[in-house]
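Dropping the structures in below, format is structure tokens.
One chain, chain A, appears in both complexes that follow, with chain B as partner in the first and chain C in the second.
For the complex of A and B:
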């Protein structure tokens, strides 16, 4: 029993190390000069520099990419929430004979390889004259966020006990009030997970963004990838700094959400 | 004026009919219990009264107003659910106040009414808590408070005690009975527990397969069951049934079956010589027979279950198992011969084919 616990903790610690160390190493490297990065023996002690980070933040392309990413992903998630949650609730609570097909269709949007979706979308946006614009990216990403949010929110709404909603009907509330005041708050924990997941998905999205933008609407992943294409000498420090910049918003987003989750949790405990 | 009138009510899900041409009148201040085996349509009927299920045919009126197309909130009803159905994200206070807020009652009055109701039900200390922090019994009390505070025309209870343990169930049953005595609100209560039905009801509506088998006071349902289903469903231990053939003997009648011939006066029943009938006797109605008694059921005691004060003695008579509930001190030893008799008033006779009671009205 004791031995089992020790082994289990060791495995857990090892798995945790595997997960966290690369992130930590990337963060450290972003603070190193190139000399400290390309040494044979990895250095844990070095003279830190902010040169990489200031280089990154000083480049217009990075700032534009960050702006594009925030606007495109933020708006797409907002649209996903506004349209996806009510749609999911409708499918979960007022199923008609198409409900099963709707659910399958929503999932099937994710079956196709992204490139198969990206090429037709590129042609569509080119023809509409919206190629390489933020609106095109927002609409495209909204397709992703709506489908992901719907797919994850339908079971979340179904797991809300029906009697709770019926009790609210008996208390005199209509269908919309029941959605706002009962279903949404009760399912909130799962729903927040769904929203966060959809945000991370579009924030990290690379291929579609690559196909739909050439210069104006480039998102941060595209800009970051371009940094590695600057000749033979790979600027490791700058790359690491861009990765850190790229990772921060999802972490912040998740941090805010989990803080919100914790507060909801704590209220229940006291 | 009647509180609830159901006339020719039907309920169908697609091709499956669960309630068929149901007619029922519930008087004001009455406590009516819908009783029946699971799947008999009792909960469906209650949910139709509440407005949570569509009414496929017929008409339901509450307080003189047809409510077929009214939303649940507009029917003047309040409902208590089996699993309490409290709003998990709200405090107990908000749970109780939620319905009043909808009616735009001023905040100060809401506070006053919530406090009054929670005092009645002993919920004062919990108003700031969330439902998950309360025990099952307390949660059910909150659900009752939430229903009470709206001062509805009709209370609807859907198996409210079946999630509680046996002790708490008895306690809450008494509380519900007291509540009805003091509030006098018309109540419809669904249960599959005949003890709850017998103790709480002014009238029991016994349902089977969406059809009313019998409506009556607990005493009527127990003492004068209208058919063999009602007789078998009500009463623990279950009624003994013996298939008999009716014969004429002088001024009286004979019942031949279970290896014996029983002579009865038969004046209280519609009988024809040669009829096939089912004789029903409740185990407590069988008494030890003295020498020379008529109408004897006898055999060897196969099984003896001691219940404390009473003992249930099961014996075989002509290949038929019969049980008698006797005082424990009269309990025979196992495998001893036993002889039991009965009063003619206590027996029931049913038509063997239709199952209907043969008793003269």
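For the complex of A and C:
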């Protein structure tokens, strides 16, 4: 039994190591000169260089990609918040006989294979003259953000104690005031988690961005993947630096999202 | 709740209308394109009705892609659930609360990474000469070369391991949180009956969690459909067609090799029909 526990702890520690080590190694490689990366025996001791990072940050394509990603994802998330949160509140608080169907419809949008959406949209945007523009990308991403935010916000609104809202009605608040002044602030913690999740989802999105952009509207994941299309001849340090840059924004939400997970499961317990 | 309020209508209707337009227009358009013979290189087209679909069934590369997609789906879903349940139970058994929180944070990190980043990280790690993941093999065998991404027999598993790295660890956190929500009495009772630790989990806790675990598996099945980013960056469908899934093949038919947009769209429509039917049926069963 004691041996079993030791083995179990070792397995867990190894899994924890596996979870972060590849990423740390990439971060480390982004600080290396090629000589220190292309070695048969991995090198832990080396003279660090900032050349890769400054090269990446100095490239126009990377800066444009960063700008496109921020604008496209930020706007799509904003649209998702404005349209998704009120709809989720109405479904959660004013259930009617379509509530179940609405929830299923929102979830079923996730079943659609991304290629099946991207191919026709590419033809549509080409015909409208909007292909390879940010508005086209924003509209397409809004489908993702609205549906995900709605899906996650319905349970968040449901978990707000009904009594608080009823008390507000008794105090003479109207239905809209209750949404603004009571439901939104009380559910805020979970809602922020849902919104952060939708941001990570579109920031990480690749296939649709790849098909809907050719030069002007490329997002950061596309730019990063193109760096590698030039073969492994591109200095590895530069590629590693671009991977690090691409990965940082989602990791900023680590705290928010793990708090969101905790709050979801604490509600289940009670 | 006041019964007569305009709120439900003003809040739900605009959003639903927009969602319906944004989803139905591309879906219907995909079907229309699939019935034509559009190509990227020209704007002329005509209606060919079902000939794209007929062609697909005699296209051996398409049939291969179907098979690879099914393999991908099964391998990633099963491996993710095994890793998640295994690590979740281990954390529940041997990790103290503070350590649990640390593991939970660590295990969420991979899933937050863009798939493109995860794919790059592991593409470097799997490099036969300079990769960190192949280093132990080189060390133990005195410099023999192991190149998982370019051997047809291992390429799919090498790419799938990245998917499991992202999702299996993340789901382990969820399995732990689910175990923590269970009431302690049944576990105590089993312990008093001298049940072994693994027996408690196999016969008491995991059966109690059957419903949420099935839902979790359902989520993973949906997410496993999104394999494109990993495969595109790591193998491009290769070596040969060993890792060419349906979306990869549709993409290369439509955009890389021949620009046959209609043919690619026919494939996408078949995928859409298959997934919508399968998941709708599964969902109804999960809910029931």
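The definition used in the following text is that the second predicted complex is superposed on the first by the 237 of 270 C-alpha atoms of A that agree within 3 Å, B and C clash if a C-alpha of one lies under 4 Å from a C-alpha of the other, contacts with A are read in each partner's own complex, and residues count from 1 in each chain.
As a working rule, a residue touches a chain if its C-beta (ideal position, glycine included) is under 8 Å from a C-beta of that chain, and two chains touch if they have at least 3 such contacts.
These figures come from a predicted structure and were not determined experimentally.
K.L.:
Overlaying the two complexes on chain A, which is it for chain B and chain C: clash or fit?
P.N.:
By the criteria stated at the top, chain C and chain B fit after superposition, with no clash.
K.L.:
Which partner does A:161 contact after superposing on A: first (chain B), second (chain C), both, neither?
P.N.:
First partner only, chain B.
K.L.:
A:240 contacts which: chain B (first), chain C (second), both, neither?
P.N.:
second
K.L.:
Give one of first, second, both or neither to describe whether A:63 is in contact with chain B, with chain C, with both, or with none.
P.N.:
Neither partner.
K.L.:
Quick check on the superposed pair: does A:171 touch chain B, chain C, both, or neither? Answer first, second, both or neither.
P.N.:
first
K.L.:
Which holds for A:186: it touches chain B only (first), chain C only (second), both, or neither?
P.N.:
Only chain B; A:186 stays clear of chain C.
K.L.:
From the CA centre of chain A, what is the angle out to the CA centres of chain B and chain C, nearest 10°?
P.N.:
90
K.L.:
Does chain C touch more residues of chain A than chain B does, or is it the other way round?
P.N.:
Of chain B and chain C, more residues of chain A lie in contact with C.
K.L.:
In the superposed arrangement, which partner chain does A:29 touch: chain B (first), chain C (second), both, or neither?
P.N.:
A:29 contacts chain C only, not chain B.
K.L.:
Please work out how little space separates the C-alpha atoms of chain B and chain C at their nearest point after superposition, in whole Å.
P.N.:
5
K.L.:
Kindly list the residues of chain A that each of chain B and chain C touches, one partner per complex.
P.N.:
The answer is residues 166, 169, 174, 268 of chain A.
K.L.:
Applying the document's contact rule, which stretches of chain A touch chain B when the two form their complex?
P.N.:
Answer in residue numbers: 161, 163-164, 166-174, 177, 182, 185-186, 188, 267-268.
K.L.:
Over in the complex, which chain B residues touch chain A? Could you list them?
P.N.:
Touch list, chain B to chain A: 50-52, 71-74, 77-79, 81-83, 85-89, 98-99, 102-103, 130, 132-133, 146, 150.
K.L.:
Please name which positions on chain A make contact with chain C in the complex.
P.N.:
For this pair, the touching residues of chain A are 4-5, 8-9, 11-12, 15-16, 18-20, 22-23, 25-26, 29, 37-42, 83-84, 86-87, 89-91, 93-94, 96, 102, 104-117, 119-124, 139-140, 142-143, 146-147, 150, 162, 165-166, 169, 174-176, 179, 200, 203-204, 206-207, 210-211, 221, 224-225, 228, 232, 236, 239-240, 243, 246-247, 250-251, 253-254, 257-258, 261-262, 265, 268-269.
K.L.:
Using the touch rule from the top, collect the residues of chain C that touch chain A in their complex.
P.N.:
Those residues of chain C that touch chain A are 1-2, 5-8, 10-12, 14-16, 18-19, 22-23, 25-27, 29-30, 32-33, 38, 87, 90-91, 93-95, 102-110, 112-117, 120-125, 127, 129-130, 132-133, 135, 138, 143, 165, 169, 172-174, 177-178, 180-181, 197, 222, 225-226, 228-229, 232-233, 246-247, 250-251, 254-255, 261, 264-265, 267-269, 271-272, 275-276, 279-280, 283.
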